[in-house]
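Labels for the chains are A, B, C, D and E, by order of writing; each one numbers its residues from 1.
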Amino acid sequence: QDQVDLRMTIWSANEAHLAMFNEIADGFAELHPGVTVTFDSLPFDSYTTTLTTQIAGGNAPDLAWILETTAADFVNSGALAPLTETFAATEGYELEDVTEQATALWRADGELYAYPFSTSPFALFVNNDLITEAGAQTPAELIAAGEWNWDNAIDIAATVADTGANGLIVRDFNYQIWQNLASIWRGWGTDPWSEDGTTCTFADAEMVDAMSFIHAAIFETGAMPGPGENVDFFTGDAAMTITQISRASLLPQGDEAFDWDLVPLPSGPAGNYSVIGQAGIGAFGMGDNVDMAVEFLAYLSNPENSAKLAQFFPPARQSLLNAETLGTTNPLLSPQQLENVVVAGITNGVVLPGHAGFAEIQQVARAELDALWQADADVEAVLTSVCNRITPML
Amino acid sequence: MASVTLSDVKKSYGKAEVIFGIDIDIADGEFVVLVGPSGCGKSTLLRMLAGLETITGGTIEIGDSVVNDLEPKDRDIAMVFQNYALYPHMTVAANMGFSLEHRRVPRATIAERVQWAAGILGLEPYLERYPRQLSGGQRQRVAMGRAIVRDPKVFLFDEPLSNLDAKLRVVMRGEIKALHQRLKTTTVYVTHDQVEAMTMADKIVVLSGGRVEQIGAPLELYDRPANRFVAGFIGSPSMNFIEGQMGADGFEANGTILPCPPGVPVGTRAVYGVRPEHFTIAPDALTAEILIVEPMGSETLVTMQLGETSMIGLFRERIAAAPGQTLGVSIDPARVHLFDAETGGRLT
Amino acid sequence: MTVAAKSSSPPARKRPFWTMERRDSLAGYLFIAPQMIGITVFVLIPLGLVFWYSLHEWNVLAQTFRFQGLGNYQTLLSDPGLPQVLGATAIFSVGLVIFNMGLALLLAVLLDQKLKGITLYRTLFFSPVVVSLVAWTIVWGFLLQNNGGINALLATFGIEGPNWLRHPTTAMISVIVVQVFKNVGLNMVLFLAALQGVPRELYEAARVDGTPAFKQFTRITLPMISPTVLLTSIITIVGSLQVFAQIAVLTQGGPGMSTTVLVYYLYQQAFQFHKFGYGATLSILLFVVVAVLTFIQWQMRRKLVFYEN
Amino acid sequence: MKTDLSPRMKVLVYGLMSVLLIPFVFPTWWMVTSSVKPISDIFAFPPDIVPTRFDFSTYGRVFELQPFAQQYWNSAYIAALVTAGTMLFSSMAGYAFARIRFPFANTLFMILLIGLLIPAEVTIVPLFQIFLGWDMINTHWPLILIPIFGAPSVFATFVMRQFFIALPKELEEAARVDGLGRFKIFWTIALPLARPALGAVAIFTFLHSWNLYLEPIVFLSSPANFTLPQALTQFTDAYGGALWNVQLAAATMTALPVLIVFIIAQRQFVEGLAHSGLKG
Amino acid sequence: MASVTLSDVKKSYGKAEVIFGIDIDIADGEFVVLVGPSGCGKSTLLRMLAGLETITGGTIEIGDSVVNDLEPKDRDIAMVFQNYALYPHMTVAANMGFSLEHRRVPRATIAERVQWAAGILGLEPYLERYPRQLSGGQRQRVAMGRAIVRDPKVFLFDEPLSNLDAKLRVVMRGEIKALHQRLKTTTVYVTHDQVEAMTMADKIVVLSGGRVEQIGAPLELYDRPANRFVAGFIGSPSMNFIEGQMGADGFEANGTILPCPPGVPVGTRAVYGVRPEHFTIAPDALTAEILIVEPMGSETLVTMQLGETSMIGLFRERIAAAPGQTLGVSIDPARVHLFDAETGGRLT
């Protein structure tokens, strides 16, 4: 077999990640002598810039990690090679094990264009110390009482905020990445646009309610830190944070440790719901080694290697979604937490909103939404203007 | 206008003493020239007068008040710098009026004063020009104009002509002189050109190494230099010096006997000084061998060997002789200077 | 020897082709050749390519590269975001230039004094220039938060500081200030050099003339260093139109579009939205803006700048 | 204005400078001290001006997580090459534009100045294509060639030209009479005399190359080839979060040598610029 | 060593003509001085000789060959520049040896030649110094050393002494003269100082506005200037000029009758010229009013009013008279010059 060098861009420069990927690459090379795979670590902040420059410059990598925010763009652009056929033909791949739910974002016309190697549910980390100190009921108690809903959750946050600490943080939202607020507004059963992506629903009544709820939490009760205030849950400064479970590693240990808990998102007016964040790997369709790249991707995501990946990245494979598998790689979490939060979350979770041309829509909406993050904002008017601006792009 | 008095003025930069206690009295309206070799402290002294350098000892009085601690602007002096220090970005008129602007002088008065100064200095056609558009002599005049508009008590000049060429220097020298005669402002003028010093000064102060060597009227310094340093410094070409000792028939030096005035005891070791212009041609007197002949039209400069010393003579006639030939010269004993061999002080 | 010129002209001689002038011209071309070739390959040709791209609809991901003439330029004219972007760019550049030059000048004047330890001060004021941009911006992002260091400091004086990065005005100010503190050291050094080139007799003359210190500065120092002021202002304006990383980290162009300057907008269009053709068009616009501004400044130099020769 | 200040003015100037210094020095101080703080102390509020707990292990980890020594070397040698190349070519061009009369000199100079006006973001894609065509992606060539001929070099050429214009013409004429050709005059007379301007150019160029960010990220892909500003972005934990203290330790190590060079060279730098008569 | 011939040499910068066709023959070993006012083209001419400027017309020959298109280095000339143009980054020895290095001269020979030149110029102690560590006179000597090591056919000097102070200028003048006497190399020397021109030249070329006014030996120019320009230019202080016309008893000007030589027809309009040093004091001759008196030791410069013209007289005696008083002066008709009122050409 000819010498083939595959190149894959990733945004992690972490040694452990690289070691794992190299191990998988070595395994692949044993099966296909003469094939090498190298992993280029690009800085996360400029990942898309660099990747785009490489593509524009005519030097696209063979494979690339793809952010969920750009998923729609990549999947719909035709830049990626179709995967379904090769995956299905690969022995022992068990394509059906990869849940329909988890691959929705990565399909176009039923064809799979990227493999979601990381599927991570949003959940609430809780600082029980702060909450009991403030004299509120802990989420665990509320769950037990069957009263774990957003009204109560935000009350806890407000109570804690009154003591001088902070209430609830939507991690990475920072008043910029507004799509992370999906972890709240899905409780109202709403989304920025309709399922087919053609109608803006930002100004719908449910969304207005949800956003008003968030606005009140920020500016009336102070349950959420305001814009321009950086607070970190993991240093023990806040009662709760919505984030992906992979952040469990940030929990402090030793002196700084506090009594923490991991609970599912509270229910909203529309009932229970789950949200997941994803990252995928795609193979570019324009290279010389497309087939080999797709084959490598199939190898990388087969059950055996998926299990390896699961130590860092929650899997999309049903067979791996159980407390035992996840427990070996997430020793911090109790089986109960894994079952209730992770397995349930991934199984039922809906990915964050996405759309073709999402980056631009995101920016435009971001700019419009800035008007919302003022104490005296008119929620409905702002959301209407968001819709006005983004409707032409849908 | 005012008198200026320096009493025991001293200056040191850190540990380095530069001026060692100087006393000078300058009368109201007087034109005093400071001369001396490079580095002797002329500029430093002038700048102390101006207030641009602090003084480390003594007092300076202008008029009746001690100005030691006054800012330059409060001393009511004006200074002309060696390279003029014209503001290159202002027109001639602006340069001249600049100092008045900050003294709350009304615009009309400024214009009038500038016009007056320009009139005196023949600068009217150039008022709207920039310094770079002027010739050296014109720039020099602007610098003077800047000084005179303010009608200060004292003018200070630091080698104002040294950047000009020979012909222009002569012209500007005349202009400064005329200006002084007209304004009668007390003036302190620094130069290292002794022709300037001789022709301009009411009084010359010869400095050397931070000390005063002699103060006096120009001809006084020429005729009776207080010491060998002054004798060599004043007069061009310089005085010829020969070491030797007093003999019975005259001054004995390197095997020649030179005519010399009476009054110095025989046997005294001394330095004999005679100016180049005080040789005259006389066939039966001393015999000198001609080394170089430089005819200059009305005068001839001859470098000649007298005994074992080479001397320069300046003669008022054409000398046809060629190098190698001999020339008979005589010296008028009355014009000979004798200095102490050790201290350099004047003996006669 | 007669004074009159000889009437007979010397015999006509054939001059060799390689005359002294020609040899010298050749030397001149050889000297500039490396740089001119470099500029052609690494600046002019790329710039031409950018212009070529701007005539295309080019979506990088979709692999579309379609010639459409001036279509992108029409888009440019009707781009609803553009007026705001240009406004922000103008405010940013003007604010940055004024603040940068003013501060640089103030520092240069202070650092031009004969004082003990002045070298240390110079170095410290210069130090941000060599500090990593990433670290610098992180610290400032941290300081400028609503609950950050600056407002904490203001609070000790009983002042309630604004939410710096979240109001259009203060966000713009913040971005400018952070950028200026980072780079003002370079202009400071340029000004310092210029100040040291002003002949000190001019100040002495002014002192004798009784010019107050402030007037000395405005009437002598400033005109004397005006060529340097012009040059640095050109460099600073050109630089200000290229500021990108700070904005990306501190405000991401917000709130609203208030800090979305042209180069950031260009970056978004090309690299985030993958519209390369339009990005190229914005690049051309940016280049034209820079060139025009520079040209205007250059033209104004006769009026505002004093030249000695 | 360089006169001795009165004691009162001195106090005033020192006071003013010290206050102004705060926003310049605090971030650097924070960077340096945070690099030896445990990560949980870095974002403590209010920040500790003087660290209370020290953790010097970060400096060790910098070298464990990345081939930092190699990256240091990359940055250093690239900056050195760029500086040397710029000094050579810019002084050659600057000399010719200042001193040699040839047709179209002014037009060519104006064309050259265009290089000063173009932001890196504008031409990065075509440049990428060009270097791809030359098979130089993931090599250091783009980082060496682009700065030598791009915007900073144009600035350097400008500075050198201004300097050479001010250099006495007689020196060259003396050399011509002494029997030298153009290149020898340049090499043995003009260049040695241009030391002050070259010093200023060297510092500018070195700093620019040392801090280059966009180009390395676009052109380099393997960690062994990375330069320092790029390496700084790579200190992350298993989930992509920044290891702040390690990153800041690396940032400190990146800034310090340049700062030290500036302290040593700043007089030369300032005087070099003063001599070059940097005027528009 | 070689002769130098300029035939109809012209120069224009673009459209501006600067040199209008000049012919000069310089014999082997001759010392020729070019003088003239600033901007008259002295430097341009010298630089064309050196090959530093191209010539736009005519031919220049050095020895027997036309050098019009030769590079400076191929002309075998050596040049000393006004500000010396020493290489500041090389030692004195390196400066002097530099030109030989590029002519493939063996190291040992270079060292020997440098040593020889340093010996002649008294520079041995300074060979390892840098130019900045030398005084003005020493620098000047290094510049000469650089020129002589190569033993060129022709020396070119462009105002080499103008940056030195008066005393040093006299000394260096002597040294250059001595050097020429020793080496006998053909020399072209530019100056605007007419004392230098008078004392140094074998032959002076007076230039004005790009044209030759007169060529001749120094005293020839002093005694018989070809025209008014040369008369005014040579001699210091300058010749006095009075316009008027020939009368029966002498020259009539502004109501005075001045003594004058015969040979010019009565009624001719002319310019009368008399040098300051050609006045003598004679109580019963002309009566002048004294304006300014400048004593200079052995001489006295008097500005005086004769009729309606102000003139300068240089007297060999002390004059005690003050401004405002009168002085009787006489003029020797034999020393008077008469020039055509229109063309300025010499009449007698």
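Descriptive notes on the structure:
Going forward, a contact is a pair of C-beta atoms (placed from the backbone, for glycine too) under 8 Å apart; a residue touches a chain by one contact, two chains touch by 3 or more.
All figures in this text were calculated on a predicted structure; none of them were measured in a lab.
Ranked by distance of CA centroids from chain B, the top chain is A. By number of C-beta pairs in contact, C-D leads when A-D and C-D are compared. With centres taken as mean Cα positions, chain B sits 91 Å from chain A.
Inter-chain spacing, taken between the CA centroids of chain B and chain D, is 54 Å. Centres computed as Cα averages put chain B at a distance of 54 Å from chain C. Taken residue by residue, chain E touches two or more other chains at 51, 71, whereas all remaining positions touch fewer. Taken residue by residue, chain C touches two or more other chains at 21, 142, 147, 207, 267, 270, 276, whereas all remaining positions touch fewer.
Looking at chain A, one finds that residues 45, 49, 53, 56, 230 touch two or more other chains.
Remark: the chains found to touch one another pair up as A-C, A-D, B-C, B-E, C-D, C-E, D-E. For chain E in complex with chain D, the touching residues are 47, 50-52, 71-73, 77-79, 81-83, 85-89, 98-99, 102-103, 146. The touching residues of chain D, counted against chain A in their complex, run 40, 43-44, 65-66, 124-125, 128-129, 132, 137, 214, 217-218, 221-223, 230, 233-241. For chain E in complex with chain B, the touching residues are 38, 162, 165-167, 170, 174, 177-178, 192-193, 195, 198-199, 218-219, 222, 234-238, 275, 277-278, 292, 294-299, 301, 303, 314, 316, 318. If you check the complex, the residues on chain A that touch chain C are 45, 48-49, 52-53, 55-56, 73-74, 77-79, 175-176, 226-231, 286, 357, 359-360, 363, 366-368, 370-371, 373.
Here chain D touches chain C in the complex through residues 1-5, 10, 13-14, 16-17, 20-21, 23-28, 30-31, 43, 45-47, 89-90, 92-93, 95-97, 100-103, 105, 108, 111-112, 114-123, 125-127, 129-130, 145-146, 148-151, 153-155, 157, 181-183, 186, 204, 207, 210-211, 213, 229, 232-233, 247-248, 251, 254-255, 258-259, 262-263, 266-267, 269-274, 276-280, going by the rule given at the top.
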